[in-house]
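A short write-up of the structure that comes next.
First chain written, first letter: the chains are A, B, C and D, and each begins at residue 1.
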Amino acid sequence: MSIFEKLESEVRSYSRGWPVVFDRAQGSRLYAEDGRPYLDYFAGAGALNYGHNNPVLKKALIEYIERDGVTHALDMFTVAKRDLLETLDEKILKPRELDYKVIFPGPGGANAVEAALKLARKVTGRESVINFTNAFHGMTIGALSVTGNSMKRHGAGIPLVHATPMPYDQYFDGVYPDFLYFERLLDDSGSGLNEPAAVIVETVQGEGGINAAGIEWLRGLADLCKRHGILLIVDDVQMGCGRTGPFFSFEEAGIKPDMVCLSKSLSGYGIPMALTLIRPDLDVWEPGEHNGTFRGISPAFVTAAEAMRTYWSDDELEKSVRAKGERIGAALQGLVDAYPEAELTAKGRGLARGLEFQNGELAGRVCAAAFERGLLMETSGPDSEVVKLLPPLTLTDAEVGEGLEIIDASVNAVLGK
Amino acid sequence: MSIFEKLESEVRSYSRGWPVVFDRAQGSRLYAEDGRPYLDYFAGAGALNYGHNNPVLKKALIEYIERDGVTHALDMFTVAKRDLLETLDEKILKPRELDYKVIFPGPGGANAVEAALKLARKVTGRESVINFTNAFHGMTIGALSVTGNSMKRHGAGIPLVHATPMPYDQYFDGVYPDFLYFERLLDDSGSGLNEPAAVIVETVQGEGGINAAGIEWLRGLADLCKRHGILLIVDDVQMGCGRTGPFFSFEEAGIKPDMVCLSKSLSGYGIPMALTLIRPDLDVWEPGEHNGTFRGISPAFVTAAEAMRTYWSDDELEKSVRAKGERIGAALQGLVDAYPEAELTAKGRGLARGLEFQNGELAGRVCAAAFERGLLMETSGPDSEVVKLLPPLTLTDAEVGEGLEIIDASVNAVLGK
Amino acid sequence: MSIFEKLESEVRSYSRGWPVVFDRAQGSRLYAEDGRPYLDYFAGAGALNYGHNNPVLKKALIEYIERDGVTHALDMFTVAKRDLLETLDEKILKPRELDYKVIFPGPGGANAVEAALKLARKVTGRESVINFTNAFHGMTIGALSVTGNSMKRHGAGIPLVHATPMPYDQYFDGVYPDFLYFERLLDDSGSGLNEPAAVIVETVQGEGGINAAGIEWLRGLADLCKRHGILLIVDDVQMGCGRTGPFFSFEEAGIKPDMVCLSKSLSGYGIPMALTLIRPDLDVWEPGEHNGTFRGISPAFVTAAEAMRTYWSDDELEKSVRAKGERIGAALQGLVDAYPEAELTAKGRGLARGLEFQNGELAGRVCAAAFERGLLMETSGPDSEVVKLLPPLTLTDAEVGEGLEIIDASVNAVLGK
Amino acid sequence: MSIFEKLESEVRSYSRGWPVVFDRAQGSRLYAEDGRPYLDYFAGAGALNYGHNNPVLKKALIEYIERDGVTHALDMFTVAKRDLLETLDEKILKPRELDYKVIFPGPGGANAVEAALKLARKVTGRESVINFTNAFHGMTIGALSVTGNSMKRHGAGIPLVHATPMPYDQYFDGVYPDFLYFERLLDDSGSGLNEPAAVIVETVQGEGGINAAGIEWLRGLADLCKRHGILLIVDDVQMGCGRTGPFFSFEEAGIKPDMVCLSKSLSGYGIPMALTLIRPDLDVWEPGEHNGTFRGISPAFVTAAEAMRTYWSDDELEKSVRAKGERIGAALQGLVDAYPEAELTAKGRGLARGLEFQNGELAGRVCAAAFERGLLMETSGPDSEVVKLLPPLTLTDAEVGEGLEIIDASVNAVLGK
């Protein structure tokens, strides 16, 4: 029995589908300890947008560690934090005319969500939050309450309350008007819907099955929130940092959320880091009212700032993401067309792409076939029925081609053509 | 206006008491950007037990980064995780005859607590948890529900339920028997106490004011839990990893908790990492029922394993912590005796020490005076009335002396002798 | 200042619209202390289906009191309870092929609802309940949680949880398919909807604005509940006891709810009494697990049994209710047609009828005008925009005519024709 | 199989211990249908303080019914309500210098409690309530949340939250100071106790086992509430209306609660009726914010007013209750002394008396033995270990003697002397 089997809890999941021991990683590739390379279309579930061990960030990181820069600093002032804030302001906020204030909520995306929900409730004096069908926002009780997956919800062991799910865009395949039910409940003082403090939304639902909300739907949601005095929280933990093209996934829609949650690829190097951005007038916290040990991990600040300077000083990455995303999208559509009887659906935006099968068993077999061929992809969606492609944004055109070939072969192997 | 004032949320707290910008750190010292050194009796709120940028860990860390070891791996198998688990088993669990299974709950202590509470509820089918007066377990909704501080609780914006506080050891100054109220409520089927899934406890309450539970009290609590079929969770996030002497703070009491939460100094280098250790028969999770992005930060695993090999292969650190702790305790008692009119109290165990003042204003002034003299200490306790000493465990005897001199001078300056 | 103004809480409401002191009542009429008669189209909010002080029931009641029959008996066996149960079985259950068991839940409708919800949760092990937009089920916390009106919900002072509102029949004016949203959420394991223990529904929403669910919708709901293993609770507190024609309002739909709540007109004389009827296999209570002081009010049992014998031994009352209801419905439709610019809507079924105005102000003025003319009617609906007609089922044809004339005049006075 | 067995839910309880069918009742006696008389030391669980079918009240009741006085009137003004309010003011409030306003909360005691809790939360903006060990306040979710009995709490099917139990007077047999734990938690901002809106208390816990709080304890509680800005709610549903001697059970302590809940014997005749009395400045309800169908049952108002006139115009009943109570208390103490090895305890105040056994089995056997001998008594307490005596206040001295003789014989039969 391996030490993993002996010691690690049954809750582990990824290692079940990919039963090898990984050792090194570089760019778009992971290497098992036997040296076998795997092309990574998973990218740390979106935490490695700039690739594994990105050399530019690696250089800055090692320099910082070597010179004994402060590593851990809670919310003290540090040179590293100053550089981060200045770079965030200069490269990200100002060019987009955003004047957010910054909360350091803790190390992970769930912390960014918990801080946003707490603040939204404190500001409005209301407890209830609107989430969307098939949302994923994290595993801590506050974040889990607004997450859709029933298996994960059961893990809470307590009834998850204070959240009401509304249909995400296209939940009824476009047959019914957007927000019909939501706005009717809000307008009707007898509806029984507790007045919501906030709406929390992903612009593209990654865990939910690569469901990409339309631009008009997002605008409609922002308008609805404004009309009803509800705070709009965009959870950009997975779709931010360029995953869909622009730094913030909501830019294309031209909306300005009241709060934004960032994490995953924020540090750029896979080191835990998260931010909650808030409208300045919402900054009503007492000092220390929300805190935590891992809010000032300077190595993450160093790589985050370096990533912003490297990738967000111009629009090259954004253009490249769009181009590669469209290429992948077209290839997936090709598969849809090639297997009409399988009733596949190609989904997604930018480099968050999905291929939906009729059931999770098929999608799982495609991922297993890809793994055998040296490609890492996971499934998502309520029934794990969507093959999910989240490659590093920095993958080369050759790696796009390589990945698509393996996907093609894997689908072929499973659908039996 | 600095970038900090412009961009950072009002929720920031440490930077208010220490309004300098830190740059570098080594061992027991932080250096401001103007080069001024500060002796650190705060140690990242207990996250830096082995000192800042510990050279042994730093070497292992840089080597790992330089050779492009996998950085971010969710719960995939990695060489780094295997080494961590083997070292944990070899250096920590086996010598203590503990057979825990290991959950990687997410990056921070609150994740370790959330996972423990979720699992305790799932296992028992009960929702309620017993916490203790002045407990601190984290800021996410699940963890915050079992945290005492009312200001932090108000930050939740929702009523925090499913937890009932019981008096911590010495809450009534030893006048009344331990667990009198708690056990009476459990034994009385008409008491109105919801049957608890678990008790969560810190052996020494750091944020609560350096309240050290007695050995007998801890044993009594473990017995009570066993008698009533309640799971015992020790939150060793701050007091584990040698803070009180032994690796686990509960070792001295000879108890075996059903679950243990670890974080803070676990990685040893200040990089986010947390573990929840559980009795093997409690491992009833479904795969993926609890997950999260930052559960496989290999650099943290590397430094964690290296720290275990370096500091926990023998009992030198443990002995040294006890010795230095006793020296500091004696010095604090000296201050208590020197200022009888001030009614001070010396508190703590190992290198978690406190000096309690009659109010928070005095304690705050002492910390401010110490800061002026180049020493970092924070206050804790419900009214911030306790000056809290959490130096790195690796501080030298000279640094003990240096710190005590500054504390002496600072108390002197405030109490006006 | 009257004793009412001096002593009675501001929460009083009916006395605001009808500022007279009532003294006597008989049949369809109330008499103020100055002798002025009022035709009663309100009927104790549905509690007086057989009219005020119905002489048949009155005779039985006085006889029972005079002979010192047990008045108050909790859940002891009494002659009066035996007669009630036998009559219920003989006149109501058996003819309808219903084999419900009977809970005596407490004196009022809210008790019947609380008992049903508690039992549904106990039986299924789930906490969540589905209610409908504009539902009204009572003012105690359990019943209020499934009630729609936001003003009344605010009165709780705690967040009302464990309930999710679904659109009632015609909520979107028939444009979208029934249960579209509800069933989609149930079928989607990622929807975020907590699995419901039960659905609670009124077949006609009285307080919600006299919204009558269609027969097909009710059947569809019953089917949906069966398919998904959700218990169906019909709250027949206001619409039962013949209000819509048959004894149970759901009879027309041919469905058999898992639980039925009865109260209001159950005793027939206005004395508090309630029942919860349950499918026999759901009777999993421990003895005394639900109890209460006023569960055995024998005078109410006496009048209830007498009412069943008198009015439910044949179908005369049912036919008469339908006929009078249709006459009133036609008259209301006449008003709709007569005032096209006012965009009125005629609503309801049986003798639960409503005339919806464009706003609450107009509806309130119509009720005030009717009061001046000697007719009692109240408004209902989320904005009090519906004039609600709930006359005694026993009103005479002449009283129908009299009431309709006053309504006609009142609408005329307000809409200015 | 009887109709009871066929139709009535298993939740029934009293009929299990007293398997006869009662028919008539008068004064202190119930008569089974076979004519057998039972001396009633149960009195409708305290709902029949003036005896069964009290002739003075009966006369007023029949007169009212015969003259067709309004029976059911929601919260409309009626002649009957005016008389009730004037009599309440004249006979009860003014003589005691109480200026409460009156809420008609619904028909039963649970409604009175629900209204009080809702209003306390609305007034203070806090959700949490302090209840006491072994409290009983009702079976609806709001009332059940502050009730102690674990079996009844399990019946809720949802976690009961927003309440924290504190030790009732003598919970630790007087060894520890009153309110030690409660006030320490309130004073400690780190205690984790949610700030309470209100304390709800019974001066004598009937269902909890006839635990009579001391006068000093009640005063201490009232002081504590005042000091901390917490509303004090006295639930006088069972102990009010003279059960302990004075009309309100708290009079002896000289305290003025912020809210008082009344029901049970309020109508005097066993007809459902309840009131919530509130400090005038707390009357912040919106009209209709709390409502309900059975808030204006005029027959109950008629008997209630008549009972106040008859029994509360002087202090005769109060004196008589005290005298009879002391006689019974002395007799119970005699049993305690006569059976030293049985370790009995005599408990109670006024005509709420109890004899505590070492376990519920013994107490149950005593009640069964008494039933065989023609005396009705029930058990109470968390383990049903207390034989509870709640005779009508109007029982004669002869009936006192008769009852005590049966009790004596029954205890003798069980304890085997």
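Keep in mind that, in the parts below, contacts are C-beta pairs under 8 Å (C-beta built on N, C-alpha and C of every residue); 3 or more make two chains touch, one makes a residue touch a chain.
All of these numbers come straight from a predicted model, not from anything done at the bench.
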{"item": "Remotest chain, chain A as reference, centres from CA atoms", "value": "D"}
{"item": "Equivalent of A-C within the choices B-C, B-D or A-B, defined by over half of its residue contact pairs recurring", "value": "B-D"}
{"item": "Centroid distance [mean C-alpha coordinates] between chain D and chain C, Å", "value": "30"}
{"item": "Where chain A and chain D are represented by their mean Cα positions, the distance between them in whole Å", "value": "58"}
{"item": "Junction residues of chain C - those touching two or more other chains", "value": "127, 151, 158-159, 162"}
{"item": "Residues of chain D touching chain B in the complex", "value": "127-128, 131-135, 146-151, 153, 159-165, 167, 171-172, 176, 180-181, 184-185, 188-195, 208-209, 381-383"}
{"item": "Chain C residues touching chain B - in the complex, by the definition given at the top", "value": "158-159"}
{"item": "Interface residues, chain C side, partner chain D - complex", "value": "2-4, 6-16, 18-26, 30, 33, 44-48, 52-53, 58, 61-62, 65-79, 81-82, 85-86, 88-89, 101-104, 106-111, 114-115, 117-122, 127, 138-143, 145, 151-152, 154-159, 162, 197, 237, 263-264, 269-272, 278, 283-294, 297, 299"}
